[in-house]
Each structure stands twice: as structure tokens, then as C-alpha cells.
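Have a look at these structures, which come just after this line.
You will see two complexes here that share chain A, one where it goes with chain B and one where it goes with chain C.
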Partner chain A sequence: MYRKTAKDYMLDGTIYIVLIAMGLITLLPFVNVFSKSVSEEWAIMSGQVGIFPVGFQLDTMKFVVTSSQFLNSLWISVIITVAGTLGSLLITALTAYPLSKRELPGMGFIIVLFIFTMMFNGGIIPNYLLVRELGLINNLGSLILPALISVFNMLVIKSYFENLPASLEESAKLEGARNLTILFRIILPLSGPVLATIGLFYAVYYWNDYFHPMLYINSTSLKPLQLYLQDIVMNADTSSALDKTADDLMNVPAEGVRSATVIASTIPILLVYPFLQKYFIKGVLIGSVKG
Partner chain B sequence: MSKPRGGEGVSLGTGRRRLKLIRGNMDMYMLLIPGLIFLFLFKYAPMYGIIIAFQDFNIFGGISGSEWVGMAQFERLLQSDEFMQVLTNTLLISLYKITILFPIPIVIALMLNEVRRMFFKRTIQTIIYLPHFLSWVIISGLFINILSPSGGIVNEIIRSFGGEPISFFTSNSLFRSLVVFTAGWKEMGWNAIVFIAALAGIEQEQYEAAAIDGAGRIRQMWSISLPGMLPTIVLMFILRIGSLLEAGTEQILTMYNPLVYETGDVIGTFVYRMGLGQQDYSFSTAVGLFNSAVGFLLIIIGNMLSRKFIGRSIW
Partner chain C sequence: MTKPFKLISTIAMSALLVSVMAACSGNNGTANNESGSTNAPKTGSEATAKPDAPKPALKRLNVWAGEDYNVYPVAKLLEENTGYKMQTDMLPQDKWAEKLNLIMSSGEAYDIVTSYSDMALYSDYAQKGALVDLGPLIEEFGPNIKAALKPESIEALKVNGKLYAIPTTVTYEINSSILIRTDWLEKLDLSMPTTTDELTNVLTQFKEKDPGGNGDRNVPLTIKGDQSIIDNIVGAFGMPNAWNDVDGQLVPRVLDPSYKDYVAYTGSLYKNGLIDREFVANKDATAKEKFASGVAGAIVVHWADIPALSESLAKTKPEATFAFVPPLKGPNGEFGFAANAGFDRLSYIPKSSKHPEEAIKWINASLEPETFKNMAIGVEGTHYKVVDGAYEPIQPIFTDERNLANNFMAGTDETNYPQYWQARVRKNPVMFEAFDFLNNQQPAEAKVTNLLGLAPYMQQYAKNNQQLNTMIGDYTVKLIAGAESIDGLEDFQKKYMAAGGEASSKEVNEWYATLAK
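Let's turn to the complex of A and B:
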């Protein structure tokens, strides 16, 4: 048997220390900002809040998460994410299925047309002008329609379909089933894991997207959470982004509000993080094996 | 890759066979319609829109009613000091990111591979993967918060050691480092996943045989783990080079401000500012086209290299 030498113990020690350090570097910023969000403002401003809250209170957090603008933005984000994910998943799977049948004439060419757009695109401005031309400025459709199919995701689903045993379809065909029936009755029910993974890819994209809202949305009532957060983080003057009166703001200070908004925006992702981690890793691995 | 699989069909007469296949599968072609509408409307129509880079586009005239100026926008681009600064910033930030951040996930994977305590390993992975799922707005919010000169924890620590507080986000000498560091902080752990998977694919017998031959663990990491990951490393590196001109547009948009344009403005943010900020549509489309064209070229070259060195095509 192999016995650990002194060198091995040093190696293990170094590895554990470095990994723990990385874990701490990742966690501590969250811990610190969380503590700030539940501390008293005097403690924040005098720089006393480190790892633990000073003068624990939940008023700032309550103020942030009950602000009607925050709730509205949260709602907008939920709408975009749910509608976008369902729409994307449907159209992506519907497109991937015929494209997985390479023996059909023309499919290879259409795949090339899709792949080309991964390597070359019109760029920000032509996209903006198109969305404008379509009358989608200040319309949530501008955040969903242009993002319906991610070619990468489509290729992942396509290769999953291709790897399903062909015998399944052949027997159904012999019984006279049509392609659509096969897709909905046989293929899709067998594709649960890949659809879950790709669905989460889309959901995280829609939820986290702030670039497109920044381009296409300027009406306050349609701003998704990320854009709202951006306003709060970047504006030194928090009052303009919040819908409370000056009296409220006197009691609820800017630095604490900003910390609480960052934390409140992180929580939805944290809640679903166990699923995300599991399915995303699967997705990355499928994608890297077969792009 | 799109060659039809011939063989059995050739004797039947390919033309007739193809026609029969199409007729028998009309429903399959109908299924493609929504995807094709999407493809042409949202992917290819904007490519047509690129022609405004050769015009003096005005929003009222549209593409058909705007004056044709040929290469004038590109001449303006090459003569613009601002663009040269932006290109320099892009290349510098990108190269820093590649040289500093590319090796780290490989090292993380190697280290995690040595950890035998599964609970510890899983805990660390869970923690370091987390920032990947958060938007740049949240990450920037977090860092603006902890680096704030008024009450931010980092500056409190600096102050307690007797230093002067630093305004990280407005300092031209620190901004690029900040961009590289936060990008590493967000994606380092996550980017290790493909390497971890590559390590998992190495046969355990190789390590056992090496141990019998008296190779220590460091020697095993060097002679078995690292070579085992090499194809993945090469592939990831080539993919990374393909996005050389993408220095982190979304990231920088959430982090920068006019005080650090000098060091932090990159092609993507410049296009955004010129196009949507100043409504200089033609010029910013020209910049965007330059960006897409170089990117396209890099990917093609990368794919050629990938085929040559690891016998694998990227797509």
C-alpha cells in the first residue's frame, strides 16, 4: 500500500488552505454586505460592520422588499423569466427535432445557417434598430422574442435527440404514427433531463439579463429587477429610484438600502441554487462534449 | 458536416428518393417554420442592417433613404484616437484576463482532484460555483459596496493599517485590475468544471501503476493529470482566443463611469455609448462590424488550429 510521506502531508495542507481561502474570498463579500443590510446606519457609516451585523435591525430590509418599485420589478422579472423560458423551450425543441433528422434533405444546410449566427452577428445597433422598427421599445416582447432560440441550446437538444435509440421511433412509424405524434408522445417524454437543463439555462439568462432591458426599456413600470438594481447601485442618490417620501428616506439610509437591495436581489437565485448547480453542470458537460 | 448520407439511396436515384423523403415528412418541415422565422427576423435581418455602416444613416430616412458614404465611417474609425484607445483597452483587458485567469481553473481542478474528503470537496465547489449564477449587476453592486471609500470594509481595513482610503472605481490605474479580479472572482470556480470532468475521465489504474513505480503525488499530477487534461485545455484556450475582442462588455457597463473611460472603455461599451448615447448609428455599426469581423476570423483560425492539434472541430 502507498503510505503518505511528509511531502504528501505538505501538499494536502497547501491544497486545503488554498481551497479554504478561495471559499472565503467568495463568501465574505456576501457576508459583509448581508451584515450591512441588517445593521444600523451609524454602524455602517463608521465602518464597524465586518462579518457580523452591528445593531441588528430588519427595517431596512423590510423597507426595500416592500417598496412598490422593487415588487413591481420583481414581478416583471418573473413574467419575463416564465414566459421567456416556456416560449424558448417550446420553439427550441420544435426546431431541434426536425434538424436532428440529418437524412432529410435540406436539414444540414439549415443547421449551417444556424451555426453561422453563432460566429457572426449584426451587432448591437442593427439589433436595436430592428427592435425599434418592430415597435417593441418599451415592450417586454423586446426582451423575449429576439432571444427565443439560443443556437447553442438548440444544438444540445438536437444532439440529445440524435442519441436516442432509433428503434423507438421506427416501431411507432411502423404502426403509422406521424412525426408530430412521435415527437410529443415518445421523444419529449424521454427528454426530461435535457429539457430541464436547457430550461434552466434559459431561465437564468432571462432572469439575469440587464443588457437588453437597458437598451429597450426605459419606462419605470417595465423595468426588470436587474435594471432596478442597477439604478440603485449606480445612483449615489437613492431617493430618485425609490418611491418613498422624503420622510421615509430620513429613517432609512442610503448605504443600508443599497446593501439590502443587493441581498434581496440575490435571494431568488439562492433559493433555486441547488437545482441550478445540479442541472447546469450536466448541461456544461453535454455542451463541451458535443457542441 | 452537412453532407447527405448517400450509400443505400444512390441506386434508387437520389433525386426521386429525396423528393419522396420530403413529401413523406412535410410535417417535419412545417415544424421548422417558427424557428426559421426567428432565424431570419432576429439573426439575418440585423446582418442586412449592417449596411448602415456604409451609409450616413438617419432614423427618418431609414436604410433606403440614407446617403451612401462607402468606407467613410471606417476611415473615421481608423483616424479616431478615441477608437485606438478603446481598441488598446480591449486588447489589454482581454490579454490580462487570458494570461491571469485562464490557468486558475486548471489549478483549481487539479487541487479539487486531490481532495479525498467528499464533503469538503462538495462544500468548496458549491461555494465557488455560486457567483456564476448571479448577474453582473449584483456582482458589481457587491464590489462597489465592499470597496466603497465611505464605509466599505476593504477601505476600513486599509485605514486600520494607517493607509489612505482608495476610490477603486474611479481610479484609472486600478480599474483594469478591478475588472480582471472581479471577472476571476465570478467565473473561476465555474470554469474549473470542464477540467474536473476531464480529470474524472482519466483511468484510475494509471495512478495506481505510477504509485507502484514510486511516483509521488506531485509527480502524478504533473505526469498523469495534466497531460490527461491537455486536449480540454487546448480546446478551451482556442475558444477563449476566439472571443479576444470581447473584454467583458456587460461587466464593464455595470462597473464603469466617465472618470475611467480612459482605461476601461472597451469596444462593446464604446459601441453602446456612441450608438445609443450619441445616436451615431452608422459609426457605431462600423465599429460593431469591425468587432464581428475580427471575431469571426479568430474563430475560423481557432477551428483550424483545433483540427490540426487535437483533431477536433469546435462545431
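Let's turn to the complex of A and C:
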């Protein structure tokens, strides 16, 4: 067996240090925004806040997370994310399951139809007109319905289903189970890892989407968090002061408030990751088929 | 892995790129009608005290504000005083014009739309027939509107002889000047500069004697990268506005004979290290940072920026005091600030409105003098008190209940509003002092009105104005920083004329000739 020499350890050590340093660098902007969110405004204004907070305080954060608009937008975002993710997972799995069966007639053609929508779509204006004709303008449905299925995610689930042992289904059929029972009682419970991964994709998409709400939502009370955040952050851009009246300038939210809003709206979706982590690691299939 | 998987995943991966870029993936197979709450205007206004015919609920689209219009105290006041229930949506902060275009073209049934004053956008809507002609409606239902607006405002907004919008006019004249550290002046036994030569001297002393003890970081005057036209100094060279009268013609700065002198002066300030060496790279926040941390002796800012600067400076340099520099006299004795004229906001009624008459009645009711005053500054004794004839806000209730009041206005009482409005500036005494110095204490001749502010819509000018201004700004930066030589001015002028300067100039001066008569 090869034994590491002192030189190897040195080399390894250097690589680790360099990589860790580079990893930390990507974290710096986030840390900077976080520090600003808990620093005194005068310190931010005079450029003293770098990595560490100056004049630590939590009043700004408290002000942000207790503002009624923030809470309302947070609530809207949670509704969209939860309803959207569940709906998307359901529709995606329901589409993927039949397509994972090789005996499905005309399968190649159906797949091509799906792939086609990945390459081409109507564009923003036809989409807008469609959503308007569906009566979904200014309705949360406009943020969920058009995004219910992503073909890419469907294909990932499909190929996962294809790799499940066929004998599982055969034995279930022998026991008298019908197709839906097989899907919901056997296939889906065995698909934890892929559903968790795809669910996370969907959740992050719904959470981070600001473009569609910007188009479809007009009411203040229906604005999701990203839109609220964008309004707060863009407000400070006084370089476009042509549009701004003195009243607007007097009301520009402080840098600290903006930073705190950014942090407060990032944390919830970050928290989802650790909870889903275990599904990525755990191999549910191990031991399900003997022999 | 099996072959089909590989194939599919390759296709899928390449397709992912496409779908990511399109930012909008998929289409729906099932018509899953997620019926949320349809946001139909709510009927039944219980708060109406007036017994006459039931008033419909109105829908308004307004500019972005930091709080929800519908729950802000002013909304309730207006509902009580006008008798109409109003549901207000707001435009986004960023790219509001795009969103507004989308809404206008999709025919959403808003009764009143209030946007920032974008003449090009407004006249475009008007010419395409998207707006209701307000003239007859105001004649019939709008006595308060007629009383509140000045004739020149109405004239400036007419498109093809018809009025389609009600303006909110600007409330003050002067924006910004050089803010200078007066404690540095005292320390060096200097007096406030009143001419460009004195300014040079003061900045030189700031540089050489370093009164702030900043060493290498010391900056006499900081500006931001896009601020090559320095307010106040540019007035000393007779070009306070973007277009100035030269022998009876309106001329843009870059064609102005004084432009060379201005560039020579500011260029020499830069060359001698009196203007921030890094100014080209300075963002708004960087320049402010330098002043707020006590490194810079002077900065060019809007008076509304002062509260943040002063609060920060009080912590970093408690001994610091500052004041605006009065209008500087140039080598030829010229001086002055650009004075705002024109409009902050425009309110109009789109053709898709279901209740245009009611909308005008609402605007009319909001301009009833007592209602308007209450909307603007509240109730005497509760929100404000009168001190020496001026309106002083009572805090914190004034900020809590009236801070966003300006956003609710569709038209203002043009005679009285500037006075009411100053109560908003008095929220911060330091800011008011600076505002007062620039706006109330300067002689009339130091305020040079921006004539184009009240000019009617001019197609070429509206189309090119912003781009040409950017062009001049960028070119001036290069001249000041020494990246271009003034010898190339003629070439630049030709480029400027070709890029729309000529067409704009012709149009502007045709209008200017009619004005002079």
C-alpha cells in the first residue's frame, strides 16, 4: 500500500487550504450583507462594515420581519412554494410513470412532443395573453399553473422509474393491485430520493421566481417575497434619480433595512436544504429486492 | 446505465440550457383551474355617509410606495371625504414603464392611472387613443380641478390641443449644491467661498493642510462617476441647465461657448488633485461614504441626502459641521442653480376605465381645498402646528400618517401645496436648514428655471434627450479626467449633432421662438 510521504501531506494541506479559502471567498458577499443587516446605519453609511458587524443591533432585523408587508409577502411565497411544489410533483410523477413503460404505444412520438416544448415556446407576450384569457391575471394561479410541469424534471423522474425493478410491479399485480395503487403505494414510496431532489428544484424555482409575478400580479397584497425584495432593493438605486421626486429620495430605505430584507428572505429557502439532505444520501432501494 | 437513458439525458441536458435561458419552462397539459380569490372590486362601501346614488368602487394604478396604499391612513381619509371606495394597485419600482405598457395594452380596467412624469410615454398613450379626453369632463364635473391647476400646467400637457392628464407639479426649485465641511473652513481660517477662484483656494488648502488629519486618504471634493456636470460650478459658467439661452437660442451645454471654460476649470481641479482622484469609479454610495466617514471635505449632493450623511458624520466625526456652498460667481460674474419646473407625476384615465365620470368626480373631491389640505399635512394640532406662518410637523404621527400622502394626490392645489409640502422637509431640522438655504434664501436671479420643464411634448427631444445627456456626461468625464483632449471638441459636436442633437435643437428652438413672443 502506498504511504503518504511528508511531501504528499504538504501538498494535500496546501490544496485543502486553497480550496477552503476559495470556498470562503464565495461566502464573503453573503457575510457582508449579513453584517450590514445587524450593524448600525451610521457605520454602514461611512463604509466601516466589512466582514464583521459594527455596532451590533437587531432592531433593523426586527423592523423588517415585523413589517406587515414583509409578513404578507412571506405568506404568499410560502403558499406558492408549497402548493406549487406539491402540485408540480404530482403532475410530473403522473406524467413520468406511463412514459416509463416501454410498452406504451406511440411513446417515441409523445416524448418528442415533450422535448419540443423544451426547445420552443410562445414567448412572453403569448404567455401573457394566455394567462389573461384564463382569467388568472392578479391571481396566484398564474404563478403555479404555467410552471406545473418542467419537462426536464419529468424526464429525470421517468428514467428513475425505468430503473426500478420490474419484478416489484409484477408481484404487486399478482396480489391484485391496480395501476394507481402500484404508483401510489409502491413506486412513489420507493422514489424518495428523486422526488426530494426534484421537489427541491421546484421549491427553489417557485421561491425565487420574480419574473412571472412581476408580469401577472398587480395587487400589493398578492406580491410574493421576491417582488417585495426587488422593490426594496431597487428603491435605493438613486442613479436613476430622474424618476425620483424629493419625496422618494427622503423615503429611500436605509442600506441596513435593505440588507436585512435580503437576509430575511433568503433564510427560509436555505433552511429547506438541510431537511432534504438526508434523502440525497439515503439509498431507499437497498435491500428492497432479494436475490 | 442503459443506452436510452444516456441518449435522453444528453438531450435533456442540452435542452435544460434552453429552458433555463427561456426562464419559463413547460406548458400545462391539464386545465387545472386553481381558483384563487378573483380580485374583483369589492362592492358596498359602508363608510359612505352621503345618501345620494350609490357610488361605484374605483380602481387606481399608482407608482410604487413603501407601504400598501389600501391600508395607509390617507386612504381612509379620502374614502370618507370623497365617498368612493378606492382599490389601489402599484407599479413595480424597477422597470415601471414596461409594466405600465403591459397593463395599458392589455386593457385592464383601471379608472385612474398615476405614473411618473414621462412625457414621451404620456403623449404616446394620448396619440394612440388610450386615454380619455379630460377637457369636457373637467368642464362638467371638475370645478375644484379648474381652480387648483394653473393654466400653464394645463397648456404644457395638451396633446393635439386636448388635455389627457392632471399633473402633480414639482414643489421646490433647487436640488443640489456643494456641501462643504464648515469646521474645516474654520480650522483653516477660511471663509465660505463665493467665487470659483475662492473655491479653488479653499480646496487647495483642504488638500495641503489636511484639516481632517486623513493623511493619504484626504479628498478635498468628492463626486460620483456620472456627476461630471457639477451643480453650482456649472452655473458659474452660465450653464446651470441642460439647455441654456445663448443669444436668444436654447443651446445644449456641449455646444455652449462656455463649455470649454467649464471643462478647463474642472479639469484643472482634477489635475491638481482637488477633485477626488478616484471619482470616475465612484458610485453614489462610495462618494457618500467618503464624506460620511470624514475623509472628504466637500461633496455634491441633493438636500434630501443630508439626514443620512449628517447622522453618520455625527458618529464618526462628532465635531463636524457642514453647509451648502452659495451660488459661486464665475470668471464672467455668472452664477446660479438649475431650478426645477414641470411635473413629478401625471394622472390619467385610460379608455378601458368603466367609470371615467366617477374618476373625475373623485379627483375633483380630492382637490376640494380642505380635503386636499388634510390629505397633504393632516389636521392642525394633531399632525402639524403653525409656527411663524410655516407648517411644522408633529412627530411621529406626521410621518406615520402623512409621509406617503404625496403618492395619493392626483393633481395638487398648485398655489398652496408648495407651502404645505415644506412641512415634509421640516421632519429633519438639519435637512430643512439646507433646503431652506438653497430654496428660500437665494435671490430669484440665482434660480435659473429649466425652461424645458414646462415645454409641451416634442417628439425628437423626448426621444433623444436621455441618450444625448448620457453622451455629454460621458464625454465630460473623459475631458475632466484627461482621457480626451479639448481639441477634439469639434468632432464630438459633430457626432452629437448627428446622434439626434440637430433634430432636437431645431425642434426645441422652434418652440422657444413661439415662447419668446
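Here is the rule we go by: the second predicted complex is superposed on the first by the 232 of 291 C-alpha atoms of A that agree within 3 Å, B and C clash if a C-alpha of one lies under 4 Å from a C-alpha of the other, contacts with A are read in each partner's own complex, and residues count from 1 in each chain.
In this section, a contact is a pair of C-beta atoms (placed from the backbone, for glycine too) under 8 Å apart; a residue touches a chain by one contact, two chains touch by 3 or more.
Just so it is clear, the model here is predicted, and its values are computed rather than measured.
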Practice prompt. Using the overlay on chain A, decide if chain B and chain C clash or can fit next to each other.
Written response: clash
Worksheet entry | Partner chain in contact with A:179 - chain B first, chain C second, else both or neither | first
Worksheet item: Where does A:110 make contact in the superposed view: on chain B (first), on chain C (second), on both, or on neither?
Response: first
Worksheet item: Which partner does A:25 reach: the first (chain B), the second (chain C), both, or neither?
Response: first
Practice prompt. Could you tell me if A:226 is touching chain B, chain C, both of them or neither one (first, second, both, neither)?
Written response: first
Worksheet item: Is A:254 in contact with chain B, with chain C, with both, or with neither (first, second, both, neither)?
Response: second
Worksheet item: In the superposed model, does chain B or chain C contact more residues of chain A?
Response: B
Worksheet item: Between chain B (first) and chain C (second), which, if any, makes contact with A:167: first, second, both or neither?
Response: neither
Item to complete: Go through the superposed model and pick first if A:148 touches only chain B, second if only chain C, both, or neither.
Response: both
Item to complete: In the overlay, answer first, second, both or neither for which of chain B and chain C A:139 touches.
Response: second
Item to complete: With the two complexes superposed on chain A, say which partner A:218 touches: chain B (first), chain C (second), both, or neither.
Response: second
Item to complete: Touching chain B in one complex and chain C in the other: list those residues of chain A.
Response: 45-47, 91, 95, 111, 115, 117-119, 121, 124, 127-128, 145-146, 148-149, 211, 214-215, 227, 230, 232, 234, 255
Worksheet item: What does chain B use to touch chain A in their complex?
Response: 1-5, 18, 21-22, 25, 27-29, 31-32, 34-36, 38-39, 41-50, 52, 59, 108, 111-112, 114-115, 120, 123-124, 126-131, 133-138, 140-146, 148, 150-151, 153, 155-156, 159, 185, 188-189, 193-194, 197, 211, 216-218, 232, 235, 249-250, 253-254, 257, 268, 271-272, 275-276, 281, 284-285, 288-289, 291-293, 295-296, 299-300, 314-315
Fill in: Touching residues (chain side chain A, partner chain C) in the complex
40-43, 45-48, 68-69, 83, 87, 91, 95, 111, 115, 117-119, 121, 124, 127-128, 132, 135, 137-141, 144-152, 155-156, 158-159, 162-163, 211-212, 214-215, 218-222, 227, 230-232, 234-235, 237-239, 241-243, 245-247, 249-251, 253-255
Worksheet item: What does chain A use to touch chain B in their complex?
Response: 2, 5, 7-8, 11-12, 15-16, 18-20, 22-23, 25-27, 29-30, 32-33, 36, 44-47, 49-50, 91-92, 94-95, 97-99, 101-106, 108-115, 117-130, 145-146, 148-149, 154, 178-180, 183, 204, 207-211, 214-215, 226-227, 229-230, 232-234, 255, 258-259, 261-262, 265-266, 269, 273, 276-277, 280-281, 284-285, 288, 291
Worksheet item: Given the complex with chain A, which residues does chain C contribute to the contact?
Response: 2, 4-5, 8-9, 11-12, 15-16, 18-19, 22-30, 32-39, 61, 64, 66-71, 88-90, 92-96, 99, 102-103, 106, 108, 116, 170-172, 175, 226, 283-286, 288-290, 292-294, 302-305, 307-309, 311-316, 344-345, 403-404, 406-407, 424-425, 427, 431, 466
